[in-house]
Amino acid sequence: MSPLIWSLLITSLATSTIITMSSHHWLLAWVGLELNTLSILPVIIKSHHPRATEAATKYFLIQAAAAALILLASTLNAWQTGHWSIMHTSAHTTTIITLAILLKLGIAPMHGWYPEVLQGSTMNTALIISTWQKLAPLTLLYLINNNPPTNILLLMGVISALAGGWIGLNQTQTRKIMAFSSIAHMGWLIITLNLSLHLTTTTMMIYMITTTAMFMSLNTTTTKTMTDMGMAWTQSPPLTTMMMITLMSLGGLPPLTGFTPKWLILNNLCHMNLLFPTIILAMASLPSLFFYIRLAYFTTLTTPPNTTNTHHKWRFKPPLIAGLTPATSLAALLLPLMPMMIS
Amino acid sequence: MLKILLATAMLIPTALLIKPKHLFTTTSAYAMLITFLMLKWFEQPLNHKPHSTNTLMMLDNITTPLTTMSAWILPLMIIASQHHLVTEPVNRKRMFLATCATLQTTLIMTFTTTDLTMFYIMFEMTLVPTLILITRWGSQAERLNAGMYFLFYTLTGSLPLLIAILHLYVSNGHTTMLLLAMQNTLTPNMTMIMWLACMMAFMVKMPLYGLHLWLPKAHVEAPIAGSMILAAVLLKLGGYGIIRMIPLAPQMTQTMYFPFIVLSLWGMIMTSLICLRQTDLKSIIAYSSVSHMGLVIAATLINTPWSTAGAMILMIAHGLTSSLLFCLANTNYERTHTRTLLLTQGLLFILPLMTMWWLVASLMNMALPPTINLLGELMILSSLFNWNTTTIILTATTTLITATYSLYIFITTQRGTPLPNKVLTPTHTREHLLMTLHLVPLTLLITNPALMF
Amino acid sequence: MAAWRSLAGVQRLLGLPRRAARAASSGGAASSAALQVPPRASPAALTPAHAEEEDEEVSVYVKNPDWHGFDTDPVVDLWNMRLVFFFGFSITIVVGTAFVHYLPERGLVGWSRREAERQIKYREAHGLPLLDPNYYDPSKIVLPPEDEE
């Protein structure tokens, strides 16, 4: 792909998200979402591979369907209320819009497309899909938050946290594992929409930091399957240690960054006296932790048998991404800064 | 407090940056010096409990002995691991020592913190270095399974604790242990579930019989340092937690403790009997830990001054004794490369001086008179007897079986005919030093048991 | 020059490695053991990454019959042993025990006992009851008036 087109795509990817974020009118928000989808499609399809085409098709269909649903709901809203403002939606249209956005985010009962798309795209594209692409839909959820369908968000959040953990258990591809990890995290995230929007921001930021750190590490070591993880140490031994810490942070083990959102969310749920979802959510983090720890086993805690020519992998200088060090450090050490983050 | 904590934390960069030649020497001497400085914590001229507090940490007579013991275990872990690390590249040695130092730092913070949330975070944080110790430095493939058992048993037990702590925070606006114990706002509306949530994490950690399956696995698969710290300190986290949690809910404890005390006393007998038919040396020691911890659970739950003091003494005594037994098992393992009892017979003829240590360790484990093991067991036995006379049947039976399996360990390893065609290296100064450094505090403490409670 | 020589003497006494031939150091602590091995740069040099599992333990004794079990390098081994003994025994156990022994008594136990004995003597001498249910004399307590609101 020529650099010109590439930069154009990335620019429009960024711009479209910002259009959605800053729009006050449903039509503009919809335009932003569609532009966003259209600009990520060439990025996904860039590697000329049948899986990439499949991923792009699936991504397009899902996003277009969700966007169409949003358009429908906002038209309905305009019909009912006589204005296109995002801030003021009626109860029914809010429900439809929320469901459409949850489809865009890949929340559990509508999560089927998400691992497939991630598996079909390259590691960097998967990173973009699981971080940047979440922003635009999530902003819409922020904006309609004056009248959120609480039960739907809570129920689907819990289902998502459970499903992400359980289905991720039997995956062997790292991108799929990351996809299910993302589904589980998204479940925690949309529960926070019921609690406090500051908390949603904190959760989202920490999700992005930890996911970015993990994807960057996977990208640096070119790790696509769990067996590849065993070879990660030949690239960079310190990186494997950092990967383990990042994985545990993703799993939410204290005192790493990933524990912060879990702690705050559980605290807020306790505050709302929602003891049952609290317990379910806390326990739902265990299956996810299981597959993170299994990845950590492959990466750091065991040295698998290898042939002699694997030793020469480290002779090539690994392409160190500049953001790797700050990302992994942030993924590990942010918990003590928690009072600053939530205020 | 900070001078100890920072000094311990600085062990991590020391281990990572010092010259390879001075690596073990410096870290072990440094860790010993920290223990020495920590003895200052025993200074408690006034009858205040806690006798020293700041906004985050406190020292009282439950914290101080346990922290000092864990600080003393760290140099012993380093000394014990020196042999099996000798073939490792220097960077791995550094990482090993850094892991141990991290574990030590978190343990000090766990024991000294006043805040329940902080306690929970640090309690969980000890899991990560221990998991690394077990799964990275163990030797068999089963260690991965053992690590999973260890992590998930503890986490499943402690997530309800987190929710309970958050619930306390929401209802009280703070989670400081001292204030919670004083104001007791919790007690009237304390439900059974809250009590269970508070206690279950520690019951798993102790472990209570029935929740103990992770412990023998973790002990058997862990390297020597992991076994030592697990037996000596991590199990005591459970006892410490119960002692700390009981004042928050004294009334509920009175109605809830029966099944737990019954289970722990019954578990003592069961695990002691299991010890008698094990083939694996480390497994016997692990099950004997479960058996001894049963006494501690029962004693902490009935929560009389005598029983708590006895539990503290038994925890200290058991920490040093089981760590010593694991060290001895490891010296055998490093020579014979097996833990199977049948293959390590007759060591009396090969390593006669080691036999002396084995004898002393077995006698300590079965609580022979001049040891603090006996003192602790007696205090717990008599306070349990005072609580309910029939417990003496169970506790006395356990004492008998404990004596039996301690002798069984001693006789099977030391007597009999050694297997032919085994070339065993003689014992090192290092190993004798290691045993002595375990035994001297154990024997000295009987001269001043008041240090422990 | 004399200072340099005395420094060398101290060095020999402590068993430190010297660049000169070690055969001259007949009075040294570890001389006969260390004779056969030239001092090495680092223990890492002595321990290859893939050492033979079986021969490794034997070879240490061949190189260093006085092996203490700490390190393959004889000098490091010796010094590790000495330092650990010093800090473990001399500092922590000996000095530590003395320190703990001479600490002030814990929790005012002895003080309260002495005070109790003094009190009993006083009360017996004055014919007072040993335990008075009224710790303070009730006649001396000034209570607020009943009807205060």
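In this document, chain identifiers A, B and C correspond to the written order of the chains, with residue numbering beginning at 1 in each.
Keep this in mind: a residue touches a chain if its C-beta (ideal position, glycine included) is under 8 Å from a C-beta of that chain, and two chains touch if they have at least 3 such contacts.
Please read these numbers as outputs of a predicted model, since none were measured by experiment.
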item: Overall pattern in which the protein chains touch one another (line/ring/star/complete/other); value: line
item: Chain with minimal offset from the mean of all protein Cα atoms; value: B
item: Length of the line joining the C-alpha centres of subunit A and subunit B, rounded to whole Å; value: 41
item: Rounded Å distance between subunit A and subunit C, as computed from the means of their C-alpha atoms; value: 53
item: Geometric centre distance via CA averages, subunit C-subunit B, whole Å; value: 22
item: Where subunit C touches two or more other chains at once, by residue number; value: none
item: Subunit C - residues contacting subunit B, complex; value: 42-44, 47, 49, 51, 56-58, 61, 67-73, 76, 79-81, 83-89, 91-93, 95-97, 99-101, 103-109
item: Of all residues in subunit A, those that touch subunit B in their complex; value: 237, 241, 244, 248, 253-255, 259, 263, 266-267, 270-271, 275, 278-279, 282-283, 285-286, 289-290, 293, 297, 300-302, 335
item: In the complex with subunit A, residue positions of subunit B that touch it; value: 91, 95, 120-122, 124-125, 127-128, 131-132, 135-136, 144, 147-148, 151-152, 155-156, 159-160, 162-163, 166-167, 169-170
item: Contact footprint of subunit C on subunit B as seen in their complex; value: 19-22, 24-25, 28-29, 32-33, 35-36, 39-40, 42-47, 51, 61, 72, 75, 79, 82-83, 86-87, 89-90, 423, 425, 427-431, 433, 437, 440-441, 444, 448, 450-451
